[in-house]
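Down below are the structures I want you to see.
In the two complexes below, chain A is the common chain; its partner is chain B in one and chain C in the other.
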Partner chain A sequence: MTPRSRHLLERALPTLFAWLLLAFLFVPVLVVIPVALTDRDYLSLPNNGISFDHFAALANWRAGWMASILTSLGIALASSVMATAVSAAFAIGAWVYVGRWPSILRVILLSPLIVPPIIYAVGMVRLWSKLGLLDTWLGVTIVHVILAMPLAVLAIGASLSNLDPRLVQAARSLGARPATIFGRVILPNIVPGTVAGAILAFIVSWDEITVTLFITSRGIVTLPRKIWTSIADAVDPALAAIATVMLAVTIVGLILRMTVWDRIAQRRS
Partner chain B sequence: MTSFQRWAFCLTVPAALLTLCLYVLPILQVLALSFTEPTFGVGNYVALFQNAAIGRVVRTTVFVSAVTTVLTIVMSYAVAFALVHMRPATRRVALFMVMVPFWISVLVRAFAWVTILRRNGVLNSALVGSGAVSEPLELVYNQFGVIVGMVHYMMPFAIMLLYANLSEIDLRIIQAARSLGARPVTIFFRVWVPLSMPGLAIAGLFIVIFSLGFLVTPAILGAGRVLMVAEYISVQISSTLRWGVATALSTMLLLVVAILVALAMRSSALRAAFEGGRK
Partner chain C sequence: MSFLDVRNLRKTYGSAVALDGIDLSIEAGEFVTLLGPSGSGKTTLLMSVAGFTKPDEGAILLDGVDITRVDPEDRNFGLVFQGYALFPHLNVADNIAFPLRVRKWDKARIAARVEEVLNLVGLDRLAARKPRELSGGQQQRVAIGRALAFGPKILLLDEPLSALDRTLRDTMQRELKRLHRQTGVTFVYVTHDQEEAYAMSDRIAVFHNGAIVQVGTPRDIYRAPASRFVAGFLGGNNIVSARAVDGGIELFGSRAPMPGGYDASRHGRSVLMVWMRPEDIAIGEPQPGAIAFPAVVADVSFVGSSERVTVSTPDGQELLILAASAMARGIAAGGKVTCSVLPSSIGFLADE
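And now, the complex of A and B:
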């Protein structure tokens, strides 16, 4: 084997393979863009030129897309705020109160990350139908809070693990009361983690489908639920239009995350 | 307990109440129902093992999950390995291509695959149009489509876990192997792969667990023709209302997940990730 062909085999081919796999991940998602711009009224690539009709259809109130976006936004905001508050309290408490209780509780709290959501869905259908909370704002929001807590706890916990415990010792030895220590010493120091936790909690709720599917019917139609129903019908290009909008938001969010957030983090440290 | 410690303890109470009452309790009720619905006893479990339809669902689930896991791990390892060797600027581009599918809704991804793979979808139009095939291929609403969608869903997770693991490997070990005259292929299989075993194990575990209980992608890309456990459970509780079967299957699923996690908890890396707390 010549050195050239060896180089080809050992370096260039694996790299090419990796980029093909990256394309497999990235390119299929982009296909929703041309489909959203189709000039026909069924799922297809544009035939004679492009059209923005399907985006206009999204704005039509009677199509239900705007209503479901607002529903999802409302539920995601509410559950993000609640999940972040409860998770921050837990994470701080567990950081200060070292013992068996917080570490057992932490495992239970994180278990929704691993336990298949379908099992939780079965349990919640049963419980909510008994309590009359099926298909209600409260019912959906509570479930989303539970499902959002693990990531919020992880994000806030990561922030806390960088916090110097001597800071708290110093505050205590100077006579600060517990409320002052939690509110004015610990909390201000974990703002980045808390913000990250809130964003993650928002995204979990915004994307949640498996459990929501079973605990809602006609009353509460979140955006994922609306998309799920439309995929079953599988004809309306408005679906591609909403997918394009979500893709655009994701890409903008990621670019912000990769540029602005890193810069803020750099400035703080 | 000092007043400060008491305060800290109280802060953990709301989270504890929420999870215990509204997460743990409903799941325990699922376990209980599997023994009491419709009559008391283990009848549901006997039925699970005797019912041919459920047997088929379980076999499909195990097969699809196994293929998905193997493909995902091999392909993700290739990407993670390339990521470690990229220049920082190139790596940012590559990571971006991983993160976009990671953050985009699972529904959007499944929908994109339906658009591509359907009978008159993007891929078939291209293939027929170019004359590569005369008849459109059956690419979706079968196991092939489900596996493509699931691998696409799982890969970003696996890549991130493996990349984190690979970038912690001490490059001096690789240099040592090279200076001792090892060829790149030897270094890959006898140095990189053994050193990344913990990462491979954890990524494999997560993907097996996610696959076994996956509802959305198999349901959309299988369209009822590739029935996996989660979709079967969903049919039982929403249309046929056979709660006994649904809860018994859920219990079995939970048991399998618990066994897999228990096995994995013997690895110290995962234990650390879960118990966390102070470093």
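And now, the complex of A and C:
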């Protein structure tokens, strides 16, 4: 084997393969950008130059995109806060009181990860119609909290697993009461896991579609539901515009996470 | 009435008895060690005194006041854990200040006290370090300092040195004794290591199966173990059987006058259980008055200051001897030797 072909086999080919894999992951996502800039009024690539009309249409209140974004944002924020609070309470309790009950409860809390959403949705429709919660803010938020809790429990549980449960006994022997122990001992040590849990819970709610489709109709139109209906009705390029906006927000968020956050973390330690 | 009184304390976990009617009185300023193998109940008693374990029966009195139902946060006892349990997000000074901030001391007083405690435990240079940046011994000093900072009435220590290496353990033992002397606080110390107990304690309470089998000063317990368990658990004594014959003793096939301390009603009338220390048995020319017997060497191992010699006796028992290296010269496995033990080195165990 010549050194050249050896280099090809050991370095160039794997590198090429890695780039291809990355492209496969990213190109379909990036395709939405030119589509969003199309000058026609259906999903297509630009024909005679680019146009920002579809971005302008997003801002038009009557098109309903802004309302959906606000609805989704509100539900996702509420779900995230509630799911994080309940998950933190459970995770801390399970961490302090080791035993059979915490592990049984944990399996129940994690079950939404295992049960297919479609089956869950069928059950929720029946229950919510009995309780009059179909197509209400409360109904959707409760479902999103339940669906988001497994990830929040896992994230917060992971940061607690590095913490010695005897810190609680130590703090009590030093005279601290529950509120002080929570605020000054447990919370400062689980901030990273709790933030991660809150973000994951937000994302779960933000892009939840399956169950939401079943339990909402005209009253609550979340962004995923709005996208879904507009694809079913007409192929409006505004879809690509909203996808582009979300992509931009995500990339900005990632960049901030990688630069600002790390700098803060460095300064703290 | 003592400073701390534990009265008939009982605790069971299902069918397992952790504390089987514990009575113990501790005086103010004492250093008392709860000594026993794991699962003997010593930690359960410590946790009951700390308030984390609720006993099923019995009472704990502090200065005559029943504190059995008082929450741990209201007891004002310092507690030092085996794994230190330092707050990982706080530096050394903030760990020590924690109990003071909880008690809402004012800032100047906290700063002064933290300074004082840092000096006391020898950590004044490391005040700004986080626990993970400290060695095991330094972390243990922080834990002790934190537990002493608020001026506790009693300091409870749960095997605090077991995670440290041997030399560090020796240093920390001296440190603990110094802290005990300097602060005058009552120390209750749990360990399974009898050397640790001997080195530091004013008194030792020996635990076995949830009960205290003997309480006394280290020297008392070393000289006069009250039971077969204490004799065997402490110092690896030889526990062997002998016989009472015609008013004398038959030990390893040799007859001798009965040693003092024998009481037929307590120690049995024919078969006797006796204990003797490995370092009290001599090899070679017997001292006058000693009980001599032949033996065959089974094994010799060098342990530094002395040789550990295992011999088998004519009546088929095994005996461990710690012999000064000079005395053991020329001894090898399979060799025949003469051993001897003074009657005063023989202790009788109660007939169980």
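Throughout what follows, the second predicted complex is superposed on the first by the 252 of 269 C-alpha atoms of A that agree within 3 Å, B and C clash if a C-alpha of one lies under 4 Å from a C-alpha of the other, contacts with A are read in each partner's own complex, and residues count from 1 in each chain.
Heads up, the rule we're going with is that a contact is a pair of C-beta atoms (placed from the backbone, for glycine too) under 8 Å apart; a residue touches a chain by one contact, two chains touch by 3 or more.
All of these numbers come straight from a predicted model, not from anything done at the bench.
Trainee: Put the two structures on top of each other at chain A: do chain B and chain C fit, or clash?
Mentor: By the criteria stated at the top, chain C and chain B fit after superposition, with no clash.
Trainee: Classify the contacts of A:V185 with the two partner chains as first (chain B alone), second (chain C alone), both, or neither.
Mentor: A:V185 sits against chain C, while chain B stays out of touch.
Trainee: Which holds for A:S87: it touches chain B only (first), chain C only (second), both, or neither?
Mentor: Only chain B is touched by A:S87; chain C is not.
Trainee: Is A:R172 touching the first partner chain B, the second partner chain C, both, or neither of them?
Mentor: The answer is both, since A:R172 touches chain B and chain C.
Trainee: Is A:I215 in contact with chain B, with chain C, with both, or with neither (first, second, both, neither)?
Mentor: After superposing on A, A:I215 lies clear of both chain B and chain C.
Trainee: Just chain B (first), just chain C (second), both, or neither: which does A:F17 touch?
Mentor: So A:F17 only meets chain B here.
Trainee: So in the superposed three-chain picture, is A:W228 touching just chain B, just chain C, both, or none of them (first/second/both/neither)?
Mentor: First partner only, chain B.
Trainee: Taking the superposition as given, does A:D164 touch the first partner, chain B, the second, chain C, both, or neither?
Mentor: A:D164 contacts chain C only, not chain B.
Trainee: According to the stated criteria, A:S103 is in contact with first (chain B), second (chain C), both, or neither; which is it?
Mentor: The first partner, chain B, only.
Trainee: At the CA centre of chain A, how far apart in angle are the CA centres of chain B and chain C, to the nearest 10 degrees?
Mentor: 90
Trainee: Now for A:V32: first (chain B), second (chain C), both, or neither, which partner does it touch?
Mentor: Once the two structures are laid over each other on A, A:V32 reaches chain B alone.
Trainee: More residues of chain A in touch with chain C or with chain B?
Mentor: So, of the two partners, B touches more residues of chain A.
Trainee: In whole Å, how close do chain B and chain C get at the C-alpha level once superposed?
Mentor: Minimum C-alpha separation, chain B to chain C: 6 Å.
Trainee: Same chain A residues contacting chain B and chain C, which ones?
Mentor: Of chain A, residues 172 contact chain B in one complex and chain C in the other.
Trainee: Within their complex, state which residues of chain B touch chain A.
Mentor: Contact set of chain B toward chain A: 3-5, 7-12, 14-16, 18-20, 22-27, 29-30, 33, 75, 78-79, 81-83, 85, 92, 94, 96-101, 103-116, 118, 120, 122, 125, 152, 155-156, 183-185, 206, 209-210, 212-216, 220, 229-230, 233-234, 237-238, 243, 246-247, 250, 253-254, 257, 261, 274-279.
Trainee: Enumerate the contact residues on chain A facing chain B in the complex.
Mentor: By the definition above, chain A touches chain B via 10-11, 14-15, 17-19, 21-26, 28-29, 31-32, 35, 43-45, 86-87, 89-90, 92-98, 101-103, 105-112, 114-127, 142-143, 145-146, 149, 153-154, 157, 161, 165, 172, 178-179, 181-182, 203, 207, 209-210, 213-214, 224, 227-228, 231, 234, 239-240, 243, 246-247, 250-251, 253-254, 258.
Trainee: Okay, in this complex, where on chain C does chain A touch?
Mentor: Per the touch definition, chain C meets chain A at residues 50-52, 71-79, 81, 83, 85-89, 98-99, 102-103, 146-147, 150.
Trainee: What does chain A use to touch chain C in their complex?
Mentor: Interface residues on the chain A side: 163-164, 166-167, 169-177, 180, 184-185, 188-189.
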